[in-house]
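First up is the structure itself, then whatever we jot down about it.
To keep things simple, chains are lettered A, B, C and D as they appear, and every chain counts its residues starting from 1.
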Amino acid sequence: MSTRRAVVHRIAVAAPDDVSGLERAIAEGRIVPGAVVAIFGKTEGNGLVNDWTRGLAARALRDLLRRHAGEAAAERVCLVMSGGTEGGLSPHLTVFEVREADEPAEPGALAIGHAHTADLAPEEVGRLAQVESVAEGVRAAMRDAGIADPADVQFVQVKCPLLTSERIAAARGRGADCATADTLKSMGLSRAAASLGIATALGEVGALEEGAIGRDFALASSRASASAGVELMGHEIVVLGRGAGWSGPLRIDHATMADALDVEPVRAALARLGLGAAGQLAPAQRERLVALLAKAEAPSDGRLRGRRTTMLTDSDLAATRHARGFVGGVLAGLVGHAELYVSGGAEHQGPDGGGPVAIIAHAP
Amino acid sequence: MSTRRAVVHRIAVAAPDDVSGLERAIAEGRIVPGAVVAIFGKTEGNGLVNDWTRGLAARALRDLLRRHAGEAAAERVCLVMSGGTEGGLSPHLTVFEVREADEPAEPGALAIGHAHTADLAPEEVGRLAQVESVAEGVRAAMRDAGIADPADVQFVQVKCPLLTSERIAAARGRGADCATADTLKSMGLSRAAASLGIATALGEVGALEEGAIGRDFALASSRASASAGVELMGHEIVVLGRGAGWSGPLRIDHATMADALDVEPVRAALARLGLGAAGQLAPAQRERLVALLAKAEAPSDGRLRGRRTTMLTDSDLAATRHARGFVGGVLAGLVGHAELYVSGGAEHQGPDGGGPVAIIAHAP
Amino acid sequence: MSTRRAVVHRIAVAAPDDVSGLERAIAEGRIVPGAVVAIFGKTEGNGLVNDWTRGLAARALRDLLRRHAGEAAAERVCLVMSGGTEGGLSPHLTVFEVREADEPAEPGALAIGHAHTADLAPEEVGRLAQVESVAEGVRAAMRDAGIADPADVQFVQVKCPLLTSERIAAARGRGADCATADTLKSMGLSRAAASLGIATALGEVGALEEGAIGRDFALASSRASASAGVELMGHEIVVLGRGAGWSGPLRIDHATMADALDVEPVRAALARLGLGAAGQLAPAQRERLVALLAKAEAPSDGRLRGRRTTMLTDSDLAATRHARGFVGGVLAGLVGHAELYVSGGAEHQGPDGGGPVAIIAHAP
Amino acid sequence: MSTRRAVVHRIAVAAPDDVSGLERAIAEGRIVPGAVVAIFGKTEGNGLVNDWTRGLAARALRDLLRRHAGEAAAERVCLVMSGGTEGGLSPHLTVFEVREADEPAEPGALAIGHAHTADLAPEEVGRLAQVESVAEGVRAAMRDAGIADPADVQFVQVKCPLLTSERIAAARGRGADCATADTLKSMGLSRAAASLGIATALGEVGALEEGAIGRDFALASSRASASAGVELMGHEIVVLGRGAGWSGPLRIDHATMADALDVEPVRAALARLGLGAAGQLAPAQRERLVALLAKAEAPSDGRLRGRRTTMLTDSDLAATRHARGFVGGVLAGLVGHAELYVSGGAEHQGPDGGGPVAIIAHAP
């Protein structure tokens, strides 16, 4: 009766390099270091170019994993650090374990799949080659999770590469041109291509033209979350969904917010997980909520339900910081706490100005 | 059958000095310039010391009122500009008119009262003399509104003075010491004393010691909103509530949020106004919502429901900006749009980390 | 013996809307309101999209000029408000008067010329049509100043238009395409085209291709200063130099900084004005310095003399704010005070990472 | 003929955690890891509460030192990371080595001394006990450097503790009260007490009253630099000066800037080191300049030479960021590059609004 069981922990941190909560959970046997496959972190930087809290957190986590699980296992763990805890959002880690279990499979139990793709050449970043590579990787991660039907995929987190001046120069040295020479823009293009790769794998879009990447936002995945990092040239992919051969009490569902105030799809997803409420979740329901993962972004015309916002014209405060704090409030108002993974930069990840939301909860 | 009728307009602005919407409403006869008693504005600055959008908006509004209602009437209008439209909050004006009406009084109709206090000496700012002056002013505004019972007051907006280097020096020249020599701190102390003055008039606190001002936040008003401005040494006071001799379809109610996520009292107040909803207000209900006025502030220990936030430790972004964006999201999630008056700096205005909310709606 | 005499005043301000210093100078007869042709202001905003201190200052100045010089004369005054007083830079106004004088012409005396251009169509902004329009305007302003030789021009300040969503839509409605649909970018393109217009009039560049605008920064004027404003579709142009028929003690010279640390050309220009010094100007020399006008900008590769700066990668603080504060320090270190007009956004205005500097001083 | 030789390296970094330059210098034998006694870093954060670049840099440096010099030696190295590279300032490390040398002592050669103090109790931070502890530590570091006469001390860098909520609570648990309950303020108080400790050891102040700490800024050291860090409860002290028994070509001198524009004392110090120049250092002189260490701070009345600055009233940008960028420009204008250690937060470190400067150069 061998199954796999997904175990998910939400752990508060006192600082980007605070791994004491994780350390304690390991010491107390609540986390099995060798079973950890991914850690998603909300760190307290600005989530932008000079956000060093992500690197500091990743360094501290990798050091800890090395001590407890060895070099090779530590390297395999997918670390996705998302900067920005505006408003009441609370810095924390979400730790994903996959354990071998000797228990019957549960229909609908949370399944986790994991894959890496080969490195891209710099000139492939933000182009169809990246879309294809990610699509292939998502399919591999689905196989790893035992998910056959794309409809059973609820959330896909992809960590994708970005271009640096050195990488662009290296491509040029071989006579190849990159999609952009602007390193900041390359982050957006890479997220865009990765998200369209997810949409491709999930059957949400058909054949694509290269010009659509980062431009035609009518094309989008309802379950994609992409973040770019300097430390890799391939992709790390985590698929969350419902698969065959999984056990345990965790369940997952998802919603798509059409704009920053579109709460009803989220309420419906909560209700499908047994967390239906008029108003905010009751404290007992809140206990059963394990993780809420969401993408947030300013609408490209700066307008929310027809009214002008200042997210895009505030030169003191980046639009992504505005968006995370606000959407954080919208979602925390529903669930009753703000230890939520709300991440910015949502190219092709849900509709313009909206975004995908995934919810993991204990079965009632 | 002579009564007074309160008329309230919410008008979007394209910039701090955009009065075209107001101009249009006057031209079309929807607003009677001479009947305007107060304008509350959400302007798009940072809401802090160097927020010049407030002064620019006030200047543009005063110029317009002078043109349409004459110098004297223009001077009487109470202008309260609150800076900060973080997240999806939308810059707008809320215009309050009091018109003579030839219609029967309606029990529970919105009543508006207005008062000015005499100028304070600089050394009285932030002290018991200010508390007393504001308490007296609130009582006068209640009489103006025909409100006898403090329980019928739903929201009190006070514009209070602050100290400048010149004012402090003038006091010193007379041998008098001010409560603080820090001009920024004087804003907080003035808001604090003004709010305790409101609490005194409403019977929410008893006899006060001077040391409690700005310190003992267990003392608070559930209906106070104070903002400090450099342009006055007295106070402008607007009381909103339910009074005798008022007609018209507008109704008002209030709620106290215990913390930034405390939505249930707000939902209850909406329901009392006939705007009950399991989730977000339906579009037809939203039409009946005229204005939502709220104060927001970071909790003094930086924790929201036990979880760490970074509002108080983010040296790039002020706590009030974090708080407005987040609470703006919480409240907009309930009502379905973000043209809300969410204002920061909430000393003694509701509980620590929470704040008062007032809602004006058309009767069903 | 009729000549013209340029009179220049530097006036500190206590706030963007503080015109009391100007008011006082008029009351005391030091400034003749009808003789004022231009006011350059350093205001204390961020100098970026949401800097409302510029509009507030311009509104206060225009109101004052109307009161003292009448509507028509007030409208003719060229107001250039430049936001951003980072570091020790001090907010102030520089007021330029042209008075009729009954005194002999002085060779080398400061000459001021002034011109307006016709309105552009939105689709002409950032294109060769704008370059040509500005070149023609600069020639007109030179004639107004009595300057025949472009070499005698020391500084040209152009206020140029920008695109708004409404203007772009209006062009589209006629089937015309604008140079950009991004309103922020249109500011840079407009400054770029205006600066190349100046360079054309001064003979610093030859025939231009449209593609060079905002791209080929090897093409530049050594004496251009351009700033974009929403309130006009034409240009206001002020030329400062040495012309025939001018009297009075004021002299002007200019320098080009090759990078942010290139102080020697500035020291040489000071010396040509009789302000030579090893080290900082002595207090008596400082008295003779009337105004220092400079443009500052981050180098496009982010490097200063080969060393990495973080101006372009600091997502919390805009590059122009970094640049103004730093170059303000460099120049204030030379002259001994920081009431300097250091303005950002220097496309085609001096070399990449450097910028033009003009100095007005009393003759020894 | 056994002497000690101080060796100082300035190494550019590409990111806070970039140790590749140091790694290369070690690999090439230019740096002897075991001889390193201190590293001062300018990192690219905001230099304020949430500047995590300091911790990231320190972690990367400590890891590298452990690999090359062993755990114990790595722990002994004094790491002082100062955040903030505003304007043209360039992130870099200054590495201090003390090597045994078989060469004759050179009079005036750079001497480096190093000391640690015992841990303070939380309630001692910001009080006379801390002043005394630091004074004792400075004397120990002077002995270590072979400096007998305080006049030979040119710069003292102290890393001092700060209070956390945990430390304050621990003190309270023992019935002891801390100097402040505000953790941010504790940084300023700790720097203040440490600086007065330096002033005491150098004979710059006499007997002190506790109330003077952080208040009476007429009391100051002309050679103090203090920065607070969370990772220690004692102090790490580095003294730079001229001592007996030192060899090698490095020399040091210092200056006190009376305000942010007071360049003449710095020019005089440069001249004493053989780097006299009428304007900026010539390229060949620049080669001989090894390090420039300075403190910068906004004047407490916000005025620079009588003119208003906006450093203290800019709620978007902290005063220390304004000050570093501006003073960085002033000093870089003198020396011709901006790879300078300009650090903010200068309580009792030089006069109000000014600060100490130390310069290390190769002898001519």
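We take it that contacts are C-beta pairs under 8 Å (C-beta built on N, C-alpha and C of every residue); 3 or more make two chains touch, one makes a residue touch a chain.
Chain identities (UniProt): A, B, C, D = Cyanuric acid amidohydrolase.
Here the structure is a predicted model, which means the values were calculated and not measured.
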Both-way neighbours, i.e. chains that touch subunit D (Cyanuric acid amidohydrolase) and touch subunit B (Cyanuric acid amidohydrolase): A, C
Which of A-B and B-C has more C-beta contact pairs: A-B
Centroid spacing, where centroids are CA-atom means, of subunit A (Cyanuric acid amidohydrolase) and subunit B (Cyanuric acid amidohydrolase) in whole angstrom: 40
Subunit A (Cyanuric acid amidohydrolase) and subunit C (Cyanuric acid amidohydrolase), separation of their C-alpha mean positions in angstrom: 48
In subunit A (Cyanuric acid amidohydrolase), residues with contacts to at least two other chains: 44, 46, 50, 310, 313-314, 316
Subunit B (Cyanuric acid amidohydrolase) partner contacts - residues on subunit A (Cyanuric acid amidohydrolase) that touch it in the complex: 12, 14, 44, 46, 85-92, 260-261, 263-264, 267, 278-280, 304-305, 307-311, 313-314, 316-317, 321-323, 325-334, 336-339
Subunit D (Cyanuric acid amidohydrolase) to subunit A (Cyanuric acid amidohydrolase) touching residues, read off their complex: 15-17, 44-45, 50, 52-53, 55-56, 59-60, 316
Touching residues (chain side subunit D (Cyanuric acid amidohydrolase), partner subunit B (Cyanuric acid amidohydrolase)) in the complex: 46, 48-51, 310, 313-316, 318
